[in-house]
Amino acid sequence: MTDRITDSVLYRHLWGTDEARAVLGEEGRLQGWLDVIAALARVQAEAGLIPEQAAREITEHAQAALIDLGYAAGQTRQSSHSMLGLIRALQAVLPEDARDYVYAGATVQDITDTGTALALRRIGGLAWRDLRRIEARLLELAVEHRDTAMPGRTHGQPGSPVTFGWKAASWADEIRRHLDRLREGAPRWLVGQLGGGTGSLVFYGDQGPAIRARFCAALGLADPGISWLTARDRGAEFTQLLALICGTLARIGGEVYELQRPEIGELREAVKDGTVGSITMPHKQNPEASEHLDTLARLARSSAAVMSEAVVQQHERDGRGWKAEWVAWPETCLLATAALKIAIGLTEGLIVDAEAMRRNLARHGGYQVSERALALLTPRLGPRVAQDRLQRALAGGRAAGRTSSQALVQDGLFSPAEASYLTAEPDTGSCQQMTDLITERAKLARAAEPQEWP
Amino acid sequence: MTDRITDSVLYRHLWGTDEARAVLGEEGRLQGWLDVIAALARVQAEAGLIPEQAAREITEHAQAALIDLGYAAGQTRQSSHSMLGLIRALQAVLPEDARDYVYAGATVQDITDTGTALALRRIGGLAWRDLRRIEARLLELAVEHRDTAMPGRTHGQPGSPVTFGWKAASWADEIRRHLDRLREGAPRWLVGQLGGGTGSLVFYGDQGPAIRARFCAALGLADPGISWLTARDRGAEFTQLLALICGTLARIGGEVYELQRPEIGELREAVKDGTVGSITMPHKQNPEASEHLDTLARLARSSAAVMSEAVVQQHERDGRGWKAEWVAWPETCLLATAALKIAIGLTEGLIVDAEAMRRNLARHGGYQVSERALALLTPRLGPRVAQDRLQRALAGGRAAGRTSSQALVQDGLFSPAEASYLTAEPDTGSCQQMTDLITERAKLARAAEPQEWP
Amino acid sequence: MTDRITDSVLYRHLWGTDEARAVLGEEGRLQGWLDVIAALARVQAEAGLIPEQAAREITEHAQAALIDLGYAAGQTRQSSHSMLGLIRALQAVLPEDARDYVYAGATVQDITDTGTALALRRIGGLAWRDLRRIEARLLELAVEHRDTAMPGRTHGQPGSPVTFGWKAASWADEIRRHLDRLREGAPRWLVGQLGGGTGSLVFYGDQGPAIRARFCAALGLADPGISWLTARDRGAEFTQLLALICGTLARIGGEVYELQRPEIGELREAVKDGTVGSITMPHKQNPEASEHLDTLARLARSSAAVMSEAVVQQHERDGRGWKAEWVAWPETCLLATAALKIAIGLTEGLIVDAEAMRRNLARHGGYQVSERALALLTPRLGPRVAQDRLQRALAGGRAAGRTSSQALVQDGLFSPAEASYLTAEPDTGSCQQMTDLITERAKLARAAEPQEWP
Amino acid sequence: MTDRITDSVLYRHLWGTDEARAVLGEEGRLQGWLDVIAALARVQAEAGLIPEQAAREITEHAQAALIDLGYAAGQTRQSSHSMLGLIRALQAVLPEDARDYVYAGATVQDITDTGTALALRRIGGLAWRDLRRIEARLLELAVEHRDTAMPGRTHGQPGSPVTFGWKAASWADEIRRHLDRLREGAPRWLVGQLGGGTGSLVFYGDQGPAIRARFCAALGLADPGISWLTARDRGAEFTQLLALICGTLARIGGEVYELQRPEIGELREAVKDGTVGSITMPHKQNPEASEHLDTLARLARSSAAVMSEAVVQQHERDGRGWKAEWVAWPETCLLATAALKIAIGLTEGLIVDAEAMRRNLARHGGYQVSERALALLTPRLGPRVAQDRLQRALAGGRAAGRTSSQALVQDGLFSPAEASYLTAEPDTGSCQQMTDLITERAKLARAAEPQEWP
C-alpha cells in the first residue's frame, strides 16, 4: 500500500498522469537509472576499461523488472548508500563474470542526474504535446467566440465589454510563451553528468572528457562541458517553468470557477456521466476540474520553490539540497502533468453560455457602457469635464435605479437616440482585432515548429 | 509499485516513519475515516435517526482491511466524488439492511477533518514522545559536557570559547519551547467537525449541536462550537509547528555537519556497521543523518507553507485550499516524524571529541582570548582605548605570526605572567551557569508533565 | 526619498500603519536600540563596571533625535559593522567622559535582539488591541445578523442556506484563536538577550547571569536563561502567527470581494467620499480594502517564510539567516498592522444587504432546499433511496426549468403543501444555535482578559 | 525618514544599489510613469485625439522633480486610486489648456506595466553588465588557478582533489547560463501595455491596435499583441531568473564562507581598510560579503515566489496579485542588483591561498587519494575486489593513524614506490581539460555578443 495520498489507489489520478508515473514512479525511476548504468558500461567497454562481454550482460540485465526490490531495499538501508542497493540487486541477477563491472568509477549523481535528464526529456515532451493541444483548443475557442461579447471584469466588478474569444486568445498567448520557454531551455536541460566522486573524472585518467562525451551521446544527451553536481540551476529553471505553466492553467481554471457561479453562469465545466457533485446537496454542479487546477498550482509552486532553494549548494556535492531535489523534482513534474491533463479536459469540454454573457451585459443597467461613453464625450467636453460629468451622471443614475441609458439622457450628456445607440450593442473595442492578431501569430508558430519536443 | 520516491521501497525510511505511515498511509487514512463514519452511525442511532442494528453493523464492518480498494477507486473515479467510492465499498461489505445508513447527512469534510483530528492526536503524540526523548538526550549531553570547552564560532569564525554542554543546553531549550507549543495548541487542534453540506447542521433539525457534541465526545475530541470547514488556521498552526521543529533539528544537524569536517573534527555521527559512505572514495564518512535533517526541514517548510496559504478560503467550502491540505498536511507530518527519528539516532549516537575541541581552541594562536582580554583591559584603560589597543595588538601579532599571548605582551598590554595566565585555560564565561539553569528548568518541566500527549 | 514602494509617500498607508512605523521605522528602530544601550549602561553602572555618571549621560543622550544619521551611516559603511556607526554617532553627542562606556562588552545581537523584543511588545500590543476590536465588531455582526439567511456556498456554488451572523461568528471564532495564540506566546517572545561575542557572557566574569537578569528586568523583559543568538524559533513563531492573522483577514476580505460582485450583491464595502473606483469606468465600485487584505496576506506569508528558514542557523552567530530576519521581521509586522487596520475599516463599514441575500436564496429555483428535503425524506425512504430519488427529481426539474418546489411535487416526493412549506422559508439549520454558542463563549473570554497585551 | 530597514540611511547599501534605486525608487518610479504618460500623450496627439500643444506641454512637464509629492500623496489617499494622485499633481503643474489631456483613456496598469517594462530594460541591462563582469573575473580565476590543486569536498568531507580554476569555471558556466536566459527572455519581457479599463482598447475606437503599436514603439518596447493585464508570466519569469542568479551568487559566497574558516583557510575575502569585524572579538575577520549573498538570495527567492503566485489572476484585472507585484517586483530587482555588486567585490578581491589548499590536501593522511587508487587497482583486481580491499585498507589505516600511503603499502595493495608516487602529487583528473573547455566556450560566447542588453 502506498502512504502518500498522491499515490493512493483512490486518488492517484488527481496528482499525476499514468504517462508521467511510468517515467517517474519506482519502476520508471529505476529503469532510467539502469539505462544510464548500462550506457556507462557500454562506453567503458568501448574504451577498453571493462570487458565487452560484461557490458553486454549488464545492458541485457539492466531491467527494472528483473530487480528484486526487497533485496535492493534491504541493501540500501544496510549500507545507507543511495545507489548501492540497486547495484547489488543488479549484480545479483548478473552472471558472475559481469558483476564486478557495474557502476565502475561512477558516483551516485552521475547516475541520478543523467537519469533525471532522461526523464526530463520525456516529461518535457509530454508538456510540449499537452501545451500545444491546449493551445489548439484555446485558439479554436478564440476563433469561435471572436465576437461573443461578455462583461470584462476588473476587481471582480463588471466593466467595459470584451469578447470571450479575446479572453481565450490571451490564455493561448500565455501558453505560447511557455512553449517558447520549453524550446529555449531544452539545450540547457538535456545534458548528461559524469564525473565520479568530486566530479574530476579522475577515475578515467586522460580519457575523462572523451568518455563523458560518448556517454552523453549514447543516451541522446548533450555533453555538459563540466561537472554540475552542485550547479543546480537547470532543474530549478525547469521546475519553475512547470510551476508557471500550472499557474497559467490555474488562471484558466479560476476563470471558469468564478464564471460558473450560477449568479453569473457564463462558463461551465462539462459534467461526465456518473459524477456526483454533492451527496447532501444533489442539485449542485461543482467546478471540480477548475478548482483542482488551483490546488495543483499551489503544490507545484511549493515544490519548485524547494528546487530554487537547492541552487545554493556547497563544494562538490551537497546532500542537503540534492536530496530535496529527489523529492521536489518529480513531484513538480507529476503535478504539472496532472494539471495539463485536467486542463485539456476542462478546455475541450468547456461550455460557453453566450446567452448568459449577453444577459449579464445588459444587467445592472448596462453601466459598463461608461468607458465608451467617455471616449465619445472626451472630444466634446475635454477629458476632465467628460469624466466628471459622466461620473456624476452614472453615480446619480445608479443611485436612482435608472439604466445607464436613462442616466446619460437625464444628465443631458447624450440625446435619447445617441444614448440608445450607445447602449444598444456592447462595444468590445479592439478585442476582435487583438484576437485575430494572436491567433494568426500562433498559427504561424505552430506551423513552423515540430510536434515533438525537443 | 509506488510512484513518489518518498514511498519508494528503497527510500521510504528517509521520508517517514513506520509509525506515522500506519496513521497516514492509505490504510491508516481509510481506517481513520471509517472510524469516524462508524462513530457517526452510533451517535445517529442513539439519537434515533438510524436503526441501532445498522449502527452496530456499520461499526463492525468499518475496517479498512475489509474494503475492496480497487472497487472504491473505481467508484471514486466514476463519481468524481472524494468519499463516495469509500462509502460504496463499505456498503458492499455491509448486510443489506445497514447499507442505507452509512454517512447519513454528512459531508466529506465531516469525515476527513474529523479523521485528520484523530490522526493529529497520534502524530502529535509521536512528536511529544520523540521531542522529550531528544530533550532528555540533549540534557544528558549538557550535563556530561558542562565543562567541555570548545571554540564558539560566529560567522563561521572561531571566537570566545563556549562549552559543548552549553550548546546542547541551547538545543534542549529550543526543544522545550516546542513542547510548550505542542501542549498549548492541543485544545485548539483536537476538535471534531460535523455540519453537513454547508456546515449548517440542517440535516439534524434541532438536534444538530447536541449530536455534534456527542459525535466529538465519542471520538475523544472536543466540540468545535461552530463548523470550521473554511476556518483552517488549526492545521496551518500545527504544520508550522512541525516545520519549526524540523528547523530546530536541522540546526542541530547543521552543527554536526560542519563540526564533522575533518579540518575541525569536534563532533561526529556514529556510523553503523555496513555503512558505505562512498564507493569511489571509500575513506569518507559522510554526516548523512545531519544533512538529511536539513533536507527534511526544507521540505517540511515547503509543505507547511501550502497549509498557511490554505487559510484563505472562500464561503463554506473551498476545494482549492482544502485539497492542497490533503497533500500538505500528511506530508508535513511524515517528514517531521522522519526528522524526529533521525534526530534521535543522531543525538544518541553523537561522538563528541573533547580533545579536538581543546586542540582547536589552541590553534591559530589562541586569538579567541580577545573578549576576555578586553574585559580585563576595560577597567584599566577604559573601553575605547582598551578596544583600540587590543585590536592593534592582535592584528599586528597575527600578521607577524605571533601567538595571542606573545602579541599581548609585545604590545605591553599584559605582563608575560598575566598573558600566560590569560591564555592558559579557555575562559568559557558563564556557559556553565547557563547550562545549569537550563537543565534545572527542563528537569522541573519534565517532572511536572505527562509522558503522553495531549 | 524612499526607494521601497512600501514606504512611498504616495502609498505608504497601504503597507504599514503610522503606529507600527513609529516602532519599526528608522527612528523607532534606532530609539529601540538606544534604549537597550542605555539600559545596559545603567545595569553596568549598578554592577560597578562603568561610572554612574557615564550611565546617566548615556541614558540622557540616547535619543534618536540627537543622532547625526548621516555620520552614523558613513561610519557604518566605513567599518562594515552593523552597530559601530550608531555607537560612534552616540559617542559624538556624549560628553567626553562618557563616550568610552557605550556598548561595553555587548555584541550587536544583544542590542538588536533585545530591541526586537521591545518592538515585539508594542507590535503584539497593537495586534491584540486590533484583533479584539475586529472580534467585537464581528460579534456585533453575528448578533445583528443571527437570523439573516443567505445562501451557503461550497465550491462557489450555492448550497444549503446559512445565516450571515453565523458566518461572522466563524470569523470571530478564528480571531479568538489568534488572541489565544498571542496570549500563550507572550512569555516565549518577550525575553531579552545579553551574551557578548559568542553568547558566553565572558565579558562579565562571574556576574554574567546576574547582570543579564537585571538588564532584562530593567527593560520589562523576561530573562532567557541562555543566549539565543542562533535559537530563532521565537521570531519565526511570532511572524507565522502574524501571517496566519493576515490569512484570516484575507479570508474575510475574500468573502466580501466575491459577495460584492453585482451579480451577487450580498456584501459591500463602505465607500468613503472622494473615492474614485475607476477613471475610465466611473460606474465601478471596487472592493479595494477586501482585495488588499489578500495582497497583504501573500506578502506576510512570504516574509514569515523567510523567518522560518532562518531557524536553521550555525554555531553561535550566523549572519545569513540573521540578516534576513532584519528585513523579514519588521516587514511582516508592518504588513500585519496594515491588514489589521484595513480589516477594522472593512468590518466596521461593512454593508450587509439582507434583501439581496434573501433574493439570492430564491433564485435558481430555490434548489438549495435539497439538504433539508433529504433530511425529511430519509426517515420515509431510507437514506439511499431518498438520495437517489431526490437527485433524479432535482436534476430533472432543473433541466426542465422547474422550481425546486415544482420538481419535488412532480416526482411525487412531496405533496404540494409540503413542498411549498419546505421551500417557503430557508432552513438555516443550527446556524443560530452555533452563533449563540460562539458569541457567548467569546463574551466570557473577553470579560476575563485584559484589554492590553501582554 | 524611511521605515523599511532596506532603505535605512545606515543600511541601504546592503539591500540595493544606487543605480537600481535610481530606477526603482520613488523618483525613478514616478519618472518612469511620467515618461509613459508623456509618450501616450504624444501618440494620442499624432492620432489627432488630443491637441499637439497639450502633448508637448505634458511631455515638458512630466518631470518627477516638478511633482509636489505631498499633494500627490494627499490626492492618492483621498481618492483611493493608485494613479489619480500623480495625475492631479501633474495637472497642477501643467498650463490650464493641457491639463485635461493627461492620461486620457488609460488605465493604471497601462502606465505601471509599461513603466515596469522600461524599468526592466534598465535592471536587465545592469544584470547583464554585472554578470558579464563577474563571468570575466571568474574566467580569470579559472585560467590563473587552472592547476591550483585543492581538496574536492562532498558532504563537507574532503574527497578526490580538484583545482580551484575548475571550481571557478563551474561558477562561470552557471553565470553563462544566466546570460543565455537573460538574452532569450528579453523579447518576452520588453513589451508595453495599453488597453484601458478591461484591456479592450475601446477608448480608441478602431485605432486601438495601431495606437498601441506606436505607443510601444515610442518607448522602445515591443507590441504585446494582446493586453496582458492578468497574464503575468513575464514578470514571474524575470524575477525567478533574478532569484536564480542570486542563488548562484550565494553558492559562490557559501564556498568562500566555508573555505574562509581558519581551520580550512583556502579562500578569503579581501578586507577593506577600516573594517571592524567584531568589537568584542577584534581578531576576527568575518566573511561578510559571502554571507550577505546568502541573505540576499533568501529574500530574493521569497519575493520571486510572490510573483509566481501572482500568475493566477482573475478576469481582466485582479488587484490581489497585481498589488503584490508592486512590492515584489522591485524588491527582487533591488536585492539582485545588491547581490551582483557584492559578488563583483567578492570575486574581484578574492584571496586564494594555494599554499593552504596544498597543505589541506596533505592533511589527514592524504586519504583523498582513494579514487585514484581505485582506478589503478580496478584493472588489476576487478572493481569489486579493488573496492573492498581498498576500503578495508584505508579504514584500517585511518583507525591506526597511518597515512594513506602507509595504509596502501601495509595491506599489500601497492609497493612503497607506487604508493609514494600515488600520493606524492594530487591527481586532479580532468579538471584542467574541463576548465579549458569552459573558458574557451565562454570566450567565444563573449566575443559574439553585445556588451549591452538587450
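A, B, C and D are the chain letters, set down in written order, and residue numbers restart from 1 in every chain.
We take it that a contact is a pair of C-beta atoms (placed from the backbone, for glycine too) under 8 Å apart; a residue touches a chain by one contact, two chains touch by 3 or more.
Bear in mind that the values here come from a model prediction, so they are computed numbers and not experimental data.
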Please find the path from chain A to chain D through touching chains that uses the fewest steps, and give that number. 1
The chain pair with the larger count of contacting C-beta pairs, comparing B-C against A-B, is B-C
Expressed in whole Å, how far the mean CA point of chain A lies from that of chain B is 32
Would you mind pulling out the distance in Å between where the CA atoms of chain B average out and where those of chain C do? 24
Residue numbers in chain C touching 2 or more other chains? 105, 154-156, 159-160, 196-198, 203, 257-258, 276-281, 286, 288, 291, 294, 305, 309, 318-319, 371, 374
Listed in rising order, chain C residues that touch chain D in their complex are 1-16, 21, 24-27, 29, 69-70, 72-73, 76-86, 103, 105-107, 196-198, 203, 257, 272, 274-281, 286, 288, 291-292, 294-295, 298-299, 302-303, 305-306, 309-310, 318-321, 323-324, 326-328, 330-331, 334
Within the complex, which stretch of chain D touches chain A? 49-50, 99-102, 104-105, 152-156, 159-162, 166, 169-171, 173-174, 177-178, 180-181, 184, 188, 196-206, 208-209, 225-231, 233-234, 236-237, 240, 243-244, 247-248, 250-251, 254-255, 258, 294, 297, 301, 304-305, 308-309, 311-319, 371-372, 374-375, 378-379, 382-385, 427-431, 433-435, 437-438, 441
Which bits of chain A are touching chain C when the two form their complex? 154-160, 257-258, 260-264, 276-288, 291, 360, 363-364, 367-368, 370-371, 374, 387, 390-391, 394-395, 398, 404
